[in-house]
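Structures given as structure tokens follow.
Okay, so chain A shows up in both of these, paired with chain B first and chain C after.
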Partner chain A sequence: MFCAAALFSIMPAVKYAAGGWYKVAHGACYTLKGEAFMKKIKKMFRYENVGMLFVLPAFVYMLVFVGYPIIRNIILSFQDVNAGNLVRGTKNFILFDNYLELFQDDVFRTSLFNTLRYTVMCLVFQFVIGFILALFFSKRFTLAKPVRGILLVPWMIPVTVTALMFKLLFATDIGVINYILRSLHLTGKNIEWLTTPGTAMFALVCANIWIGIPFNMILISTGLTTIPKELYESASIDGANRIQTFFSITLPLLKPTIESVLILGFIYTFKVYDLVYVMTSGGPVNSTHMLSTYSYKLSFEMFKYSKGSAVANVLLVILMIVGIFYIKATTAGEEE
Partner chain B sequence: MKRKKVTALLAVMAMTATLITGCGSSADTQDTAETPQAAEEASDKESTEAAETSGGAEAVTIWYYWETEGHQVALDQVIQEYNASQDQYEVTAKYVPFADFKKQLSIGASADELPDIAILDSPDHASYVEMGIFEDLTGKFDVSSYYEGTVNSCTVDGKLYGVPFGVNCLALYYNEDMLEAAGCEVPTTWDELKETAKKLTGDNVTGLALCSVQNEEGTFNFVPWLWSTGATSYDIDNENGIRALTFIQGLIEEGVMSKECINWTQGDVMNQFISGNVAMMENGPWQIPTMQAEAPDLNWNVTLIPKDAEYSSVLGGENYAVINGRNVEGALDFLTYATSEEKVKFMMDKFGYISADKTIAENQFEADSPYQPFVEELNYAMPRGPLAEWPSVSDAISLAFNQVITGTATPEEAAAQAQSTIDGIVK
Partner chain C sequence: MDEEKKLNGRKNMVFSIISIVILCILLFPLYWALITSLKTEQEIFQNPPTFYPHILNLKSYAAQVETGDFNMFRSFGNSFVISIGATVIAVLLAVPASYGIAKYHFKGRKLMLLSFLVTQMLPVSVLLTPMFIMFKNMHVYNTWIAAVLADATIGIPFSVLILKNYFASIPKDLEEAAYLDGCNKFTAFLRILIPIAKPGVIVCAIFSFLYAWGDLAYGMTFILDQERRPITAGIFNFMGQYGTKWSYLTAFAVVTIIPVALIFIFMQKYIVSGMTSGAVKG
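For the complex of A and B:
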């Protein structure tokens, strides 16, 4: 599916290149006059045509390293590959059986729902908090810039390190969070964050919000700097208050940025793997499995390669749909 | 505008592609995420490998997953001695992290990039035999004096597909000082165990801990309790299976075992034990060298896992397997060398393992050695599987125990659910 998209997107380039070679062949066969031939060659190497050649390496790269695995994965998901026939024996095509079985599988349904729930919750909080911080740091005050820089740290720490840190923070008996809650008398006994299905998801969401805030903040900050100061000045002359300026100037002008931030955030959050793997490994009782972790478990722990790839493809299709929205959003702005 | 569209599409594709390529590349990068000493060894070996190609000796490669430094050094020493003893083969070993080992073998099998020898976890052996990557070793090694369970773990359809490396099983460790202070005897039955654990549980101490993570490691720790009732791995939904689940649930509900156990690996459990947070634990003999080094003043001892109907434990350990279609001759030559009595003794001592060879194991330790109870426990230890679909059965078992521990299902519900999953696998 992805490769089809790649082919489609690259079609003009292919046509151009093919046309060029046709011209060469044509020139070589039918024009014996060297002069005319040279002209055709020169024409072929005109600026726009050469530009298309530069696309070629990227195209080949995508085809080999992106297109091929994706197509293999799709084929694999229509087969019945397991430990018995991975290396030898026949791989039968069972078409949609893997997918049908998956949709009857409780763990798969939980992980699909979890992935969506997790993504939406993370996005909402990351975005709102990131936005507020971006607005705050767009004011000029002492140390605004260094502090904003320090806030980037969560984004730079490797996710596995963050995951281990949060695992300790949320630990039942030795965790700092329980210690604080107890000291404030908000809870009588320790909360079993990571060993109770509902709260384990909450802990994961908290960890990921912490990671994602800087990403949202920085992109929105950049967006804010592109809004001309004059607009705010004239608005204040016209007597607009802060809320009016925000909703009539800041938000509409930030629309393209906001769309990009949300869609990129969605993609980054939706394919979460390492955070969940380290913090809960999908537990307790499969309650925090995501599509990615469940796919890994099926493929590499239980030897159900075809089912695992079917899960990965569900993930892929959802991200494809989001990707199309992203392209729509980014190109719509330019066409206006 | 069109060009923008193309770039946007490419960008999105590249991002989504990390989904798939991300998986692939992590496999490569984790090779380098070795422990420092392993990395050092690897570079040493690379240099010897380079030297060896000019020498003309045939290469034999081994994959293993031991992260303990002592294990790596001991294996390396045997390899060095072997390489020095002859010049036909040059053996090199590569460390693959345990979490990645199965994945790497699977990927290697489909990409035809396998080692010549794999030293793998015994319950996975049958799955890879089913995959068809292991050489039939029937008649090539004398395993008649080996523990029956270990030989069974690498036997499929009456054919031998591996040689047991070493053997271990689980037993009950207890903190002698704590037991004495509470005036308790060493428990031998479930009722005694629960009573003792209750008495030992205090403000900062829980009576008992066992690794309860929801994977093979958890299953390994659960099955002794299941089997002790008379239930089997494939027959859980009956009064025996339910009794085992109810017992574990009771330990959690009465607070004598921490719910945190579902996030504790066997190593974590051992750390809790030597820190004095846990009075008794179920664990294996491979912890002994670390415990002796880290907590030399701690008074502890080992006993059989208390029984319900009968004593029971679970057999663990690694098997050697020879990959077919590669350097089989060289692999067999090295294995013959490494399984000789002298080499086995050397490695078992360094590893803190018990020899899979019964005749060696019985005289391996002094009578008062902490290893001795494990040798006794081995008489009651049974292997998991062997079954190609064992990982799925194991998943059902560890899920059932996790359900009762977290209180998301009653023992009856958990047993019924596990049974229906298992019936779908084993027909």
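For the complex of A and C:
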């Protein structure tokens, strides 16, 4: 009560002081540099800068919910934060200890290697298959467009569902893949795909390729339509065969498309999370951990938040390096 | 493209048949999940497997209606609310933002554009822990709001980058004509530009919805109670608890695919445009 009363008694004084400052500030603007100030205001509301008002809400939203978390994550990785001091309490700075520990950590090294291996394998196959399909569907037959359209479905399906479907296909007892292999006499007994280290990775790669094919196919298809038909005509007049045409016209002219398909594919595959988490959760015995799943495990299963953040940051750095190529590729053709 | 000769009779036939074969192979996983959801548990474990359900069994779906811990229709509702929320935020913020970026050359424009590009590449792992702390402090942890706020961060950058191309392609004369008719910048934007860019807005809404619908990490991490979790997290939980109850699991999967299938059937042309313009032009 006393505090409140004291506050009220001070209030007029505060108001007066503030008012005074306001007058001083106000006066300064108009007397000392009044003109410059007005110009500045006018400049701020110049035609082009109005555009910023349109962008600002989205930008601020992203700053709050993405920009700030990124910085927070970097800080976290230099601290020692666990379940005890996550929300409240003091967080000790241990600088690079998390990172140093990680590089001694076998699971981390495995997951880094796994992520690279997985990404490269997926990229190669989904790109080649996507490319072949794009070439195939560029032929003008009746079903070309409708079938190509339906083939986009795998890309749209929630990854959790895809993971479930492939778990079913690769199931040991009832899996169709084991059934087919048995019928073809390629294997005598059922393979335990998801619980054997080497084969679990294979199953993951298959599932990811399935998701990636439509994406590669549609982008390359679009790229193909931008190649002028006259080039092919003059090539055939010159007597070039199909393989020659492919290597001397199609590939070089598709270069920008291929670049962005591969870079984007790398980014999307490298940050894979849901698929691996649902299909294997990094198992068996950590053999299929990726950087993202290992980071999740450290943070939300072992409650070593700082270490999890450090793993996520390693992932981020690699993605950003690749991202620079992507930004260069996409902004090269921009106006201005 | 259009001048290129169509394939003649026989070749057309051969290519069409090959395309059907490709289609069957690639969509087989989907077919398999669908028929598994319609089989009895006994038939699922039958050897050799049956390639269509011999006894039609709808129990896996019906059992879910009668409540239980894993009511998939409640999860479906949760997912729906979360995805719609994220879509609304993404579209409301991205439409003006993309217009600003496409039509004005203000200071910092490039930086903003770049930051939208970069956020598209971010892995969820980087954001999970800090968002988790943030939502706890905001007291929205374990509510739909947390998932909505997080999911919108996927839709916004994507939508801005796509819509920017739509707005950029609208000729300036059209805008100027609107000014002559007495519009100011804001009314011109609302009455002239948005209607023209409508297909782009639809693409953004569809993709924001699909991203939010497919999200697992945010929904699982920021919502603790199963009753409020999205359907993807429901599937994951279910797998952990009833690992081999495949009829239920696949029924769950089929229900999750329904909205995706509907979007695909009714809005296919927007999907191709979203997949390509978003990726190639950045």
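Note that the second predicted complex is superposed on the first by the 266 of 336 C-alpha atoms of A that agree within 3 Å, B and C clash if a C-alpha of one lies under 4 Å from a C-alpha of the other, contacts with A are read in each partner's own complex, and residues count from 1 in each chain.
We adopt the following convention: a contact is a pair of C-beta atoms (placed from the backbone, for glycine too) under 8 Å apart; a residue touches a chain by one contact, two chains touch by 3 or more.
None of these values were measured; they are calculated from a predicted model.
*Asks:* Which partner does A:Gly283 reach: the first (chain B), the second (chain C), both, or neither?
*Replies:* first
*Asks:* When the two structures are overlaid on chain A, which partner does A:Val311 contact: first (chain B), second (chain C), both, or neither?
*Replies:* second
*Asks:* Go through the superposed model and pick first if A:Gly323 touches only chain B, second if only chain C, both, or neither.
*Replies:* both
*Asks:* Figure out whether A:Met156 sits in contact with chain B (first) or chain C (second), or with both, or with neither.
*Replies:* After superposition on chain A, A:Met156 lies in contact with chain C alone.
*Asks:* Please work out whether A:Phe113 is in contact with chain B alone, chain C alone, both, or neither, and reply first, second, both or neither.
*Replies:* Neither partner.
*Asks:* Could you say whether A:Leu133 touches chain B, chain C, both of them, or neither, answering first, second, both or neither?
*Replies:* second
*Asks:* Look at A:Phe96 in the shared chain and tell me whether it touches chain B only, chain C only, both, or neither; answer first, second, both or neither.
*Replies:* Once the two structures are laid over each other on A, A:Phe96 reaches no partner at all.
*Asks:* Residues of chain A touched by chain B versus by chain C: which partner has the larger set?
*Replies:* C
*Asks:* Once chain A of both complexes is superposed, is A:Phe246 in touch with chain B (first), chain C (second), both, or neither?
*Replies:* So A:Phe246 meets neither chain B nor chain C here.
*Asks:* Just chain B (first), just chain C (second), both, or neither: which does A:Thr196 touch?
*Replies:* A:Thr196 sits against chain B, while chain C stays out of touch.
*Asks:* By the touch definition above, which chain A residues appear in both interfaces, chain B in one complex and chain C in the other?
*Replies:* 58, 62, 65-66, 69-70, 73, 86-87, 167, 171, 173, 264, 267, 271, 273, 292, 296, 299-300, 305, 312, 315-316, 319-320, 323, 326-327, 330-331
*Asks:* Quick one: which bits of chain B touch chain A in the complex? Just the residue numbers, please.
*Replies:* Listed in rising order, the residues of chain B that touch chain A are 1-2, 4-6, 8-10, 12-24, 102-103, 106, 109-110, 127-128, 130-133, 213-216, 258-260, 262-263, 388, 391-392, 395, 399, 402-403, 405-406, 408-409.
*Asks:* Which of the residues in chain C end up touching chain A in this complex?
*Replies:* On the chain C side, the touching residues are 1, 3-7, 11-12, 15-16, 18-20, 22-23, 26-27, 29-30, 32-33, 36, 44-45, 47-49, 89, 93-94, 96-97, 99-101, 103-109, 112, 114-119, 121-131, 133-134, 136-137, 149-150, 152-153, 156-157, 160, 185, 189, 210, 213-214, 216-217, 221, 232, 235-236, 239, 246, 249-250, 252-253, 256-257, 260-261, 263-264, 268, 271-272, 275-276, 279-282.
*Asks:* Give the list of chain A residues in touch with chain C in this complex.
*Replies:* That would be residues 47-55, 57-59, 61-62, 65-70, 72-73, 76, 86-87, 133, 136-137, 139-144, 147, 149-162, 164-169, 171, 173-174, 176, 179, 183, 210, 213-215, 218-219, 222-223, 225, 229, 257, 260-261, 264, 267, 270-271, 273-274, 277-278, 291-292, 295-296, 299-300, 305, 308-309, 311-313, 315-316, 319-320, 323, 326-327, 330-331, 336 of chain A.
*Asks:* Note which residues of chain A are touching chain B in the complex, please.
*Replies:* Spelled out, the residues of chain A in touch with chain B are 2, 5-6, 9-10, 12, 58, 62, 65-66, 69-70, 73, 83-84, 86-89, 167, 171-173, 192, 194-197, 264, 267, 271, 273, 280-287, 292, 296, 299-305, 312, 315-316, 319-320, 323, 326-327, 330-331, 334-335.
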